[in-house]
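The data blocks that follow each hold one structure.
In the two complexes that follow, subunit A is the common piece, with subunit B as its partner first and subunit C second.
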Partner chain A sequence: MGVQLTVGMGEIQVVRGVGNVLTALGLGSCIGVCLYDPLTRVAGMVHVVLPKSQADKTGELPGKFADTAIPAIVQRMVEQGANVSRLKAAIAGGAQLFQFGVSNSLDVGARNAEAVVAALREAGISLQAKDVGGNAGRTLRLVSDNGLVVVRAIGGAERELVVLGNIFTSSGVAA
Partner chain B sequence: MSAQPEYAFSEEQFDALREIANIGMGKASSALADLIGTTILINVPQAVCVPISNLSNILREPEQVTAGVYLQVTGDISGHAVFVFEVHSAQRLAGMLLGMPEAGLDETSASVLMEIGNIMLSAYLTAISDFTGLVLLPSPPVMALDMGCAILSAVIANMQRLDDFAVTIATDIYDPTGLISGTFVFLPEPGGIHRILEAIGMV
Partner chain C sequence: MNATGAPHKLQQLVQTIRDLPALPEVVVRVMRMTEDPRSDAQSIARVIATDQAMTARVLKLANSAFYGLPRRVSTLSEAVVILGFRTIKNLAIAASTFELLNREIAGYWLQRGELWRHSLACAIGAQLIARKVRLPVVEEAFVCGLLHDIGKVAINLFVREQFDQIMEHAQQERIPFVEAEQAVLGFNHAMAGGLIAEKWNLPPTLVSVIKYHHQPSAAPDNDPMIAVVHLADILSITMGIGIGGDGLYYALEEGTLQRFGLEQADIDDLCNQIVDQLAQAADLQEQTEVMLR
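And now, the complex of A and B:
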């Protein structure tokens, strides 16, 4: 019954129940945001591309921008039975890939990370773990059974970032 | 500039874009062949309109480690050009120019690879410029070594695109011995595509 879904750039995926895995492949300057409700096992992931939406523009994918992505995914999760007060978050990505001859305009990653952290705070969601910055791309996976979040950097092995369903992880990280 | 959405382009217009890309890739691949003294083959360019969320699907192996050289294009046509090549190809390419079988991935080979990408991208742009009579100005190139899809996503983030679809023209290149393979991606901005099509009487 479980599904394996890839979360493309700007996409939001929300699933409920056990056996589901959400994956964002090759996050460069983008940020993958994992949200999890331990009680109902509603799991969501959004692949944020840019920090801020253009106010005058409609018909965009809300998942593309940090400021619209977080409210949009929270709404989708609530529709699936999640409760905002129980949601826990983990984020990864926001790297600066281009190392050689780089211009400042390319460091969208850092601005993305700031914007996502701010949007989560605004939504009142506790950020449990983050793996952001640096200069390597990452693949991010969220397992719906227990909110396990794993990250794999290029050329490296998968490593556990956090288990969002663990009731003992409640302090959150300093943002 | 026209507000026509990109996905409204006709098949004839896509054919024209493919043909222009073919001319550009011909020049780019012969520039590479001259540089390393071997024959380089190109596949017929694929011009497609894809949702930005699925853009990395144009790479055959999105998670594979690749070297990516990227530059921005301004002038009459604006857009983004990326050359991604599989990491072992990159090492062999750099090795050929540095006189060793396979180069490591240090600063020296990085600058060699960036120069190779730059020469190819410039040859491509010059060919399109000659053919259409439009001015295309390349920015200095930048380079990354990462998963192919991460490189493309960093480029897209830098594009700050306002629409959800992009026209991409992607071409695979390889040498017959199988030692070198890569993908060349051109992402014109919507206004840039119109300029190209106008210049060749396709609008």
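And now, the complex of A and C:
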């Protein structure tokens, strides 16, 4: 019996096996990061809020910052049996305000996207698909059966972003 | 864009606002008393005690984990002394507006609880910003943030039909949602909120904040509290907290950050703290919800 979990701001959720669905609601400038190991079907999602941790404020919610979120979720997934070399990633979110005058201090979305991509690269995880930027809030869903990643922009229809398990499923490894 | 039938719509809006529940008398009195330097804890407690339901709510909220008091508070005057006048005022207002703000706001595609969550994030943010920029009335900022979007409750009924039209107009013209509301309906949620605030006899600062929270510079008095709430609102929206269909189609008024001398690191720090405190306040929300059932 699978579980359906919502991934709140700064939270990390990791599940293993079929029938599980992870969802991040209302991603504005935040980034939802989906990670998936097709062989063990360990699926993880983290809801990143800010690009960089502040030295004294990383403690409770490492998932809040891009630079601490990726190592933390990878560790949790490895504890559940995932192998780092098999992990595939997809990200969505990082929107920005429609219009905000001359200052770019609020372009947290773009800085988040940049930081998440850098952190994934550093962890050696392949980014398979992304849906970032723009002015729309998003909802992101990851299905543990096959690593299906679905994105819905607010006011729009759901669309498939990628199936993170595809490459293995087609070769029969995770079938 | 023509605001077809706008005067008629405006009349309907005014009628809807008349039909909204009034702020309980006890809250209005508590608000006045907490502003009055001659008030004391006992007299404020006595006023709250005249409303049994309010008394129970305030005591439960005071004992919620959000306030992290070291021991259980069992009397109102104790709560007033320990938490302070202004916090008690916040509690009374939060308890009395929760039901209104916790509704589904279908016209803005906000599920039940989302407007409350956004309002709470804005209240927390406004308090943090007010403290950071050394505004003398930090506690006031909480209430201002909590009530800034009250107009959405009333305007929701009208927006439902014309929401798509407003969205389309905002996108095509690349204008903020609040301007698109104005163009399509002939009024916007900030104006509607101002009318509610006046109906509730809220203090002038609060009325101004609600009325001008999308355009602080248009306020006749240019009260810095309006810009504080404006920024808190934008930060909460940016992070997607209580984001509806109108979502990110809001603009930060130029010069707001410069006015307060805030930089990127300050913004990140504020966002960080809003997320932390909102997580703690989830307990406050649960408590409120339970006791209103």
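In the analysis below, the second predicted complex is superposed on the first by the 160 of 175 C-alpha atoms of A that agree within 3 Å, B and C clash if a C-alpha of one lies under 4 Å from a C-alpha of the other, contacts with A are read in each partner's own complex, and residues count from 1 in each chain.
As a working rule, a residue touches a chain if its C-beta (ideal position, glycine included) is under 8 Å from a C-beta of that chain, and two chains touch if they have at least 3 such contacts.
As the structure is a computational prediction, the values presented were derived from the model and not from experiment.
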Looking at the overlay on subunit A, is there a clash between subunit B and subunit C, or do the two fit? clash
Considering only touches as defined above, state whether A:144 meets subunit B (first), subunit C (second), both or neither. neither
Is A:68 contacted by the first partner subunit B, the second partner subunit C, both or neither? neither
First (subunit B), second (subunit C), both or neither: which does A:13 touch? neither
Now for A:128: first (subunit B), second (subunit C), both, or neither, which partner does it touch? neither
Thinking of the overlay built on chain A, is A:112 touched by subunit B (first), by subunit C (second), by both, or by neither? first
Given the touch rule stated above, what does A:154 touch, subunit B (first), subunit C (second), both, or neither? both
Quick check on my understanding: which residues of subunit A belong to both its subunit B contact set and its subunit C contact set? 8-10, 26-30, 49-50, 54, 57, 60-61, 64, 95, 97-103, 105-106, 108-109, 136-137, 154-155
In the complex formed with subunit A, which residues of subunit B make contact? 51-56, 62-63, 65, 68, 70, 110-111, 114, 140-154, 156-158, 160, 162, 164
Where on subunit C does subunit A make contact in their complex? 109, 114, 167, 170, 174-176, 234-235, 237-245, 247-258, 262-264, 267-269, 271-272, 275-276, 278-279
Which of the residues in subunit A come into contact with subunit C in the complex? 8-10, 26-30, 49-52, 54, 57, 60-61, 64, 93, 95-103, 105-106, 108-109, 135-137, 154-155
Applying the document's contact rule, which stretches of subunit A touch subunit B when the two form their complex? 8-11, 25-30, 47, 49-50, 54, 57, 59-61, 64, 95, 97-103, 105-106, 108-109, 112, 136-139, 154-155
